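Here chain A shows up in two complexes: once beside chain B, once beside chain C.
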Partner chain A sequence: MVMADGQVLKDLLLQIRDTLIKTPQDLEVFLEGESIRPGIIVLINDTDWELEGEEMYELQNRDLITFTSTLHGG
Partner chain B sequence: MSTARVPRAKILCELCHDRKAIMKRPKNLQKICKECFYHVFETEIHNTIIDANLFQRGEKVAIGASGGKDSTVLASVLKTLNERYDYGLELVLLSIDEGIVGYRDDSLATVKRNQKQYDMHLEIVSYKDLFKWSMDEIVACAGVRSSCTYCGVMRRQALDRGATKLGISHVVTGHNADDMAETVLMNLLRGDTGRLEKSVNILTESSGSPVKRSKPFKYTYQKEIVLYAHYKKLDYFSTECTYAPEAFRGTARVLLKNLEAVRPSCIIDIIRSGEQLKLRPKKQRMRVSAVAQEVEVKRDGSVSLKPESSNTCERCGYLSNNRICQACFLLEGLEKNRAKVLIEGGNTAIAGAAKITRELEALSF
Partner chain C sequence: MREKSINDLAKELELLKLENRRLSELIATPTVTSRETSQETTPDLDLPLSLDEYKRYGRQMIVPQLRLNGQLKLKSAKILVVGAGGLGCPALYYLCGAGVGTIGIVDHDTVDISNLHRQILHSNKTVGMLKCDSAQKKLNELNPLVIIITHPVAIANDNVFEIMKDYDLVLDCTDTPATRYLVNDAAVILGKTIVSGSGVKTEGQLSILNFSQTGPCYRCFYPSPPPPNSVTACSDGGVIGPIIGLVGTMMAIEAIKVVTGSYTVESFQPFLSLYSGYPQQSLRTFKMRGKSPKCAVCSTNATLTRDMVESGAIDYSAFCGKVDYNVVDQRTERITVSEYTSLETKGCLLDVRPKEQFEICSLPGSVSIPLAQLQRCHSEDLKGLYEPLYIVCRYGNDSQLAARELRNKFGFEKVKDLIGGLNAWSQEIDDTFPRY
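For the complex of A and B:
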């Protein structure tokens, strides 16, 4: 995904919402309001986003952001 | 938007104080590195197993394997611990084929790869073989709403029968702390006190089953299982069952996840609370046992020593506390419907028919 300079993870979430997600049903399993839905694990370059400042993490070139839902069954 | 920027800082592991921390444990908010994570994750499960005295040396244990992340991590960790601590267990993978096209066939392919990766015997038992019904057929006949009821009853018996066939009397499942807290919440919200007390047991044995069940992941967080599978690059299958998920469980899960976001330790706290609940025994039980002691006096004056009903199902011969086991009872109702559907439509007994039905149900006019 192409992002402008100096943007944070929150901007990425909103950009995903605006450009990638097409139906309201898909949106509600990803976001709650403007934040990530509880139960989704976010990794920034394989590190728990809770250690990286969460939504305020400043995106770097070639960062790999992973979203894994734990909401469905095992 | 980007006013308060957080600079990149390397956080050191709070356990080894050497490597970079890669995760925050939900249980205690500790920031730890990958190597320390593997170590605490595996060791805590080992401690749970030892504290509960879960296994006996030489025991043959079947791992209920769905191909999903929980059971895949369970197979991997049990193999590791069995070798590391020399439990002396023989581990076998036991899978259920519910007959759900586009879901179970894909996940079974994962289990077949796991069989090779972990070098374990794999046994697959199918609903179709055991009950003459696949889940696709059941849903086509009974609709999607009650699918979890049928599937749950049948899975319980299928696991028992699969294990018995292998001469195994212990099945371990990948139920984790999140699942357990969810079940406690559900039983609490429904006022199901009978289940509430039992739902936190790590080991369950019932008179109606020759097979005991246990949950080595009872205290293991979902988040850590997912991360373990991710970092270890385990081969697992991740898709929701194509049929309706249990609606009420879904509600409890969302509630739990919202609570966890505020207070991550709440999952363990709910389990601990559940463990402390000891309910007053019901008075009715006295009456039940009095009835059970009644003896039947036959016409010729002889007395039968055992009540007329034995502890096997009249239809399938499987263990049951009632005259007809729950699976046969449910399927009996379906058989009547199948005949009707066959006359009216005739398109039920084909694979994937349920999918069509589901799509039709979703349409609105």
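For the complex of A and C:
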């Protein structure tokens, strides 16, 4: 995804919401309000986003951002 | 040759050290008067294992990461495996084979034929038996030296501490968020490390929680539970047997590592591993957050206590919630399968199961629009539907959600859904219709 300079992870979440997500059902899988919904793990270059400043993390060129759901089955 | 003799000396030294420790312990324990008169030990070398154990565990003891010392630690370890299903079965099998001294199994369920593709301790012969008993039988056959303790109960607020207290390590092989929070809280409060695994469809996850009471716990990772409609169970989403089996196997590896001391408080790095079986197999290991200073159970600011769990003040099912399927009028908007068969006008029969399930078997003449698709479509996509409209799914839950959707969003009026779904159809109307 192409982002302008100086944008933070929160901007990416909103850009995904505005450009990639088509239906309200898909939106609620991803966001709760304007924040990531519980049960989704966000990784910045394979590191928990909590260690990187979460929504305020400043995006760098070639960052790999991964969203993955917690699994519960066993 | 010289190297070999140094190795031999080192080994001898190791044995002497162990011997020394044993003797010191014996002196310190006045009640022990006679040594176990193990027939197999030679008079001048008091071995810490029986000759059978040297043979049985030799192939893992000669691995530098494990060694004799690791074997002795395994032998004195007590591990609790919660859940003897897709994760628990392979984990139990390897831990038993590896010679963990005592293994506890918690599972209240009985073996069903639909478990067998992944729950490898159970078999055709043990269908209907308690999973605890089926697993114990298989494990005794594998390694009679291991003590297997069974707890054939549903783990719950009022028994979790009693069950868990005597074990050193807990494997969370359960399958719902509510149970995972319960197991986590009790283990944290009792100071036990948890090896946690999970999986569904083609993916699995693995982590170590509350490591030595210094690592992050389940609540540090997930302070709030996921919305219930985002939780997929193996029975709904399906799972490829070896995928969940691989995660269970990885859990056994982590358990062996924890017990034999391959992680230390200094070296342990919180992690979450994600295994994907498709399209190319991959294992990614993510570096995770540490303990949260705000964690409700493991932080210094913790508010959650054993009393609150045991008294039921913490209601795990309510905390995690569940999908509310009860969204239609149960008396006027639903129909039983036998009422449906006796209708003169059958109308339009809409099957809202996922397409993979529709493909396995379906009623003649039924139309397929999966619920997920129905929730995302526009009215022009539904032009093929007409009234009276009857909706069917697997068990009669999703059909209610679909009926509400069709009524409220698309203005259908004559809509009813079939109580009990195709499962009821197979039980009450046509027993040749497959239940899967």
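Convention: the second predicted complex is superposed on the first by the 70 of 74 C-alpha atoms of A that agree within 3 Å, B and C clash if a C-alpha of one lies under 4 Å from a C-alpha of the other, contacts with A are read in each partner's own complex, and residues count from 1 in each chain.
Everything below uses one rule, namely that a residue touches a chain if its C-beta (ideal position, glycine included) is under 8 Å from a C-beta of that chain, and two chains touch if they have at least 3 such contacts.
Model, not experiment: these values are computed from the prediction.
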Three-chain arrangement built on chain A, chain B and chain C clash or fit: clash
Touched partner set for A:L71, first chain B, second chain C, both or neither: both
Partner chain in contact with A:E50 - chain B first, chain C second, else both or neither: both
Partner chain(s) touched by A:D26 [first = chain B, second = chain C, both, neither]: second
Partner chain in contact with A:G39 - chain B first, chain C second, else both or neither: both
Doubly contacted residues of chain A, that is, touched by chain B and again by chain C: 37-39, 41, 43, 46-48, 50-51, 66, 68, 70-74
Chain C to chain A touching residues, read off their complex: 83, 85-88, 172-177, 180, 197-200, 203-205, 221-227, 230-234, 237, 239, 244, 272, 274, 284-289, 372, 375-376
Residues of chain A touching chain C in the complex: 22-23, 25-26, 28-29, 32, 37-39, 41, 43, 46-48, 50-51, 66, 68-74
Complex contacts: residues of chain B adjacent to chain A: 1-2, 4-8, 11, 20-24, 31, 66, 68-71, 174-176, 178-179, 222-223, 226-227, 230-231, 238-241, 245, 253-254, 257-258, 260-261
Footprint of chain B on chain A - complex, ascending: 6-8, 10-11, 37-39, 41, 43, 46-48, 50-53, 56-58, 60, 66, 68, 70-74
